[in-house]
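Here subunit A shows up in two complexes: once beside subunit B, once beside subunit C.
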Partner chain A sequence: MLVRLIGLAWRNLWRNPQRTWLTVSAIAFAVFFLVFGRSVQTGSFDTMIDNGARILPGHLQVQHVKYSDDPRVDYTINAAPALEYFASRDEIEYVSARTQGFALASMGARSFGAQIIGVEADTERHWSRIASMVSLGRYLQGRGEAVVGARLARNLGLQVGDELIILGTAKEGGIAASSVTLVGIFSTAQTQLDRSLVQIHIDDFREAWMLGNNEAHAVVVMASNVTRSEVEASLASTQLESVAVLAWQDLMPQAQQMRDMKAVSTQLIFYVIVIVVGFSVVTTFMMIVFERTQELGVLIAIGMKPGLLQVQLQLEALFLAMLGVAIGFIVAVLLIVWLEETGIPLPVEADEIFARYNMDPRIYPSFDWPALQMSSVLMFVGVQLAALIPGLRIQRLQPVEAIRQQA
Partner chain B sequence: MSEVVVECTGLTRTYDQDSVPVYALRGVDVSIMKGDFVSLSGPSGSGKSTLLNIIGGLDRPDGGEVVVSGTRLSTLSDSALAELRLHKIGFVFQAFNLIPVLSAHENVEFILQLQGVGSALRRARSTAVLDSLGLSQMSHRRPGELSGGQQQRVAIARAIVTNPALLLADEPTANIDSATTEELLSLLQKLNREQGMTIVTATHDPMVMSYTTRKIKLHDGMIEEDESAVVV
Partner chain C sequence: MNIKLLYQLSVRNIFRHKRRNIMLFAAIAVAVAGVSSMNTLIRGFQADMLDSAVSNLTGHLKVYAPGYRDDPSIERSFRLEDGFQPDIPADKLLGWAPRIRVPAVIMSERETRGVQLVGVNPEAESISFLADVPIDGEGLSATQDDRILVGAELARQLETKVGRRLVIITQGADGLNRERGFRIAGIYDAQGTGLEKIYVFTGLARLQQMLDSDAITEISVRLKEEPQKASVKQLLIETFANMEVMDWQELEPQVAAMYLFADGAIYIWFILMMSALTFGLVNTLVATVMERVKELGMLRALGMRNRMVISQVVLESTIIMSVGVVVGLLGGYLIYLSMSDGIDLSSFSAGVEMVGMSTHLQPVLLVDDFVLVASMSLGLGFLASVYPAWRAVKIKPLDAMRH
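Entry: the complex of A and B
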């Protein structure tokens, strides 16, 4: 019987092809919007997070377990195991050690508090936006050199080629002192960084702060993409002992909060779309039941139980949902696959800002499987519920009145 | 003594039309025997379709009782009534009312599927019925591809394929021409004579009445005449 009902339901759909295609289009549009919208959103979040990570923190960091809460110069780790571990991972693009501390940066009579970061310049130049944001001079190439933020350079009256004196508190209370030559000035558009950040060679830092050869405050890691970095952070936390592994969510909590808030608002929009599509499906099935009232009355008269008619209606709804979900999914996937390569260009104004900071002025959608699962489930359940409502009319149908209706 | 297929006692039925009661049946008593070929006739509003619907369990009387093949209909739920119609009563409607998306063969087979008959037996029975009604050549056609007369023959095939105890036909010739009407009436007569099928038909058409073996005339919801005739 089920086979006959399936066949009947499929044929019934094509009694009014225009209406069927209209309803299928509404479902397909909703699925397309859900999948494509979420993929673009995921892609833009990934781009935002990646851009943020490339300015300074990286995708993930390995630190002393106490350093995140209390960034004391004493809280160092032996960088070698973490460097070795990440160097062996295929999905890791760059890994390097960093040291960092707070000090006075002086030029002549002027002094300002600064955050001094010792970097492995040869590695960081490949991924760090600081390297590409040097607007005057060049990035670090070797020892005895420094790059500083534009505002700090202005405050200190520094120019490329000047000597910069750094004075801080070294490990175990000693004095950290270093004299470096300014080789570059960078502008990140982030006031805090431009006002206080100084990068020097990691060995200069170790020497001044009296740290050992493998000692570091962080091992900074860049993975092939943001999603992969989450996996790598999770894996590393099980593999590396006595250290803290901080994922991008820990390093950039504001980005995580922003992503969560956007996700909630987007979710609401998606629910509204599902409700609108649900109403369209209810209308379709109301019309179907109304148009077929006489036929339904005859079927009840010859002995078909209303429950079976309801099953047939639900099967028609199932076919509509299957067609709509399949079409919406295929169109969304084709577009996403294409845009994953070409990207979606941002408006001209944004384009200029991104270009200034050497960031890619395009959004690359990132296929969002959970969005497909969610939209499919929402559509299948929503359409079935929508078909139930007109089905209540079938349950109440009196065959005599139904047969008379259009006779 | 002949077996009683339908026993109606004191049937009354009133409809509300714009808050005005319309008395469709006012105490109808009638018994229909196995093998009867009955016509229910009378002017519009005389109650013939109401009586047919109540006998078929499609409508419920306000008063009185109907017994079909020994089953008191008033004791049955809607679901049990549907079950009774499926197994014991065949219906032929004025507007044919075939399922438009199914072929003639599928329309006939469908009711056997509802009964849960296995596929081989289903196929054999529906093919045999369609053959007997001269429809084997057009069994694959959908209703839209058949003439009115052919559609009504398919509707009769659908009604008799389950070997019902009772065949009810509501104005079965109203939508077909006179030549096809004669052809269909001969067919119903053949079913009645050769298979002993009990047939009750509501009609205005004198030609239909001329084929029936018992003529019940209704007027204002009551039986005015009930005569048996010897068909030549």
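Entry: the complex of A and C
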């Protein structure tokens, strides 16, 4: 019986191919919108987070518990055990120690406040975007060298080869002083960094700020698929005490929140589209029932149970939803696969804005499975409901009147 | 052509399928309500972005000495005559403020930070965020006030509080560094935004004394209405012949571009919603034509012209659309009213700051947007009726009678 109903439902669908295709298109459009839209968003956020991590914070940092709230020079950790631990793990791309502090950067009579970061240049040069964004000169190679942001260089009147004096407050209130040679100038499109960041060799920093050989303010890890809880759990068993593990979500809260905010607004729009499409599908089924009033009357008159006719209608709805979801999904996948290669170019005028949000001039979508799950479930349920409402008329159909009705 | 007859025909056709058309009205209404209420949020976002950009010491227009933007120091400054008043009509000007803004280093007993030291005339600062933020302690009282106002976040980092002293180092007019102690008059709370870490305020006259200068580095002008900035900018260029006069779009190009993007977003949402709707609309219109093949064939046989047939389908579509749009706009307005207290985005505070917004999103209703949505929807209703009308015209009287 069910097999016959399925056959009937499928054939009924193609009695009016135009209407079927229009309805399927509406469903496909909604699915396509959500799957494609979310994939583009996921792709752009992945880039944003990766680029953001590469500009300075990395994917994960281990710090003194109090440091992130109150970045004092005194809150250091012993970097050795953490470095050792991360070096032993295969999925870690890079790991290195960092020291950071605030100081006065002077050239001749001019002075500006600056954020001084001591880095292990040999490691950071491989992943840091500061290193790849050096526009004049080169990145750090050894001791006694510094790279600074373009705006700071301009404000200080610094040129590659000049001597830069750094004066700050060392550990336990001493004076931190260092003289370094400028070897490179970077421009990141992020005003804040270009205006205030100076990178020097970590050992120069330790010497000036009177820190020990293994002392650091952060151990910076590049590894996109290691979670905080995992690291926390395994670090707990080492001798490291009172350290905090910060993942990119903590290091770049704004990126995480922007992602959540966008997701909420996309979902809102999707719900409205689902409702709009839902109403359209209801009208489709109203038309179907209306057109077939006569034939439905005949079927009931010769003994067909109204319940079975309802089942047949729901089967039609199922086919519509299946076709719609499949087409929407296939079109979205084809487009995503193609764009994963080529990327979506963004308007050139917007380059600067996107650079500010750590985005590339092209967006590479990355497939978002939850969006497909959510949109197909909603569509299947919605279309079933849409078929149910006009189907109620079948239950109340009087065969004699129905047969008499002009279609 | 008999318009009244056409209208009657269309309305009766719509009433023939009451329930089906109610569904269609509902679909249109939901789409229109969705788009129009989304618009009020986007406009709110824009207004907020503009407001933050303009009140963050930028103003609608700014006057700088040449070269200051590349090299922000007191050496790139200019003098105002005593009792200077900018030559701007009073009905356009909200206020103007002269300032010195120079980079400086600020130190407490424990910590050191880099900041922008801003010398202000407190009475003139009603145009900037300084007038709106809550202050713990006291605000600055006069341009001679020798105390400072610092942001809450900076105060926290420096581990200091109201009444304590901080040392500020900055470069004087002769290029040499000055170092001086300042007492904290008050701590301002700019809702945790980045402003708190950047700006430290003191009296303008006092800062001039410290820097050995009688000049200022900028004038910020706030207007009553944003669109007036073009004409006022021209006035300022004439007054300050050798200076750089810039509007907020030039000063904050990123905000200006985001602002334009938001304009575009309004059209994108409209196209998305309406595309979803069009399938159902065309579907129903084609059905109403096809259900009436016999009747239309009869009318054609009796001499009804193509033009009449087309007009009738178009009119039907337009009426359906109009009803849906009216209900939808009403719905959009109700949603707007329900959001009139604003939406709290504080759980996304860092994210919204990144895009230049505050944590409180206040929707803004522009009548123009409602008119735009309505007219675009009606245009779409017209377009959607083209294919069904064409189908209706294609009906041959003979075939139809045989149907």
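Points to keep in mind about this one:
Everything below uses one rule, namely that the second predicted complex is superposed on the first by the 355 of 407 C-alpha atoms of A that agree within 3 Å, B and C clash if a C-alpha of one lies under 4 Å from a C-alpha of the other, contacts with A are read in each partner's own complex, and residues count from 1 in each chain.
Rule of thumb we're sticking to: a contact is a pair of C-beta atoms (placed from the backbone, for glycine too) under 8 Å apart; a residue touches a chain by one contact, two chains touch by 3 or more.
Please read all numbers here as calculations on a predicted model, not as lab measurements.
In the superposition on chain A, contact of A:Gln294 is made with subunit B only, not with subunit C.
When the two structures are aligned on the shared chain, A:Phe33 is found in touch with subunit C, with no touch to subunit B. By the touch criterion stated above, A:Val282 is placed in contact with subunit C alone, subunit B being left untouched.
Once chain A of one complex is fitted onto chain A of the other, the partner contacts of A:Gly303 are limited to subunit B, with no touch recorded for subunit C. In the superposed model, A:Gln254 lies in contact with subunit C only, and not with subunit B. The larger set of touched subunit A residues comes from C, when the choice is between subunit B and subunit C. Put simply, subunit A uses no single residue to touch subunit B in one complex and subunit C in the other.
Within the complex formed with subunit A, the subunit B residues making contact are 53, 56, 58-59, 79, 82-83, 85-87, 91, 93-95, 97, 99-102, 110-111, 113-116, 158.
Within the complex formed with subunit B, the residues of subunit A that make contact are 1, 4, 8, 11-12, 14-15, 294-295, 298-305, 308, 398-400, 403, 407.
By the touch rule above, subunit C contacts subunit A in their complex via residues 17, 19-20, 23-24, 26-27, 30-31, 34, 38, 70-73, 103-107, 110-115, 156-157, 169, 171, 175-177, 253-254, 257-258, 261, 269, 272-273, 275-277, 279-284, 286-287, 291, 345, 347-355. Put simply, subunit A touches subunit C in their complex at residues 18-19, 22-23, 25-26, 29-30, 33, 70-72, 102-104, 109-115, 154-155, 168-169, 196, 253-261, 269, 272-273, 275-277, 279-284, 286-287, 290-291, 349-350, 352-353, 356-357.
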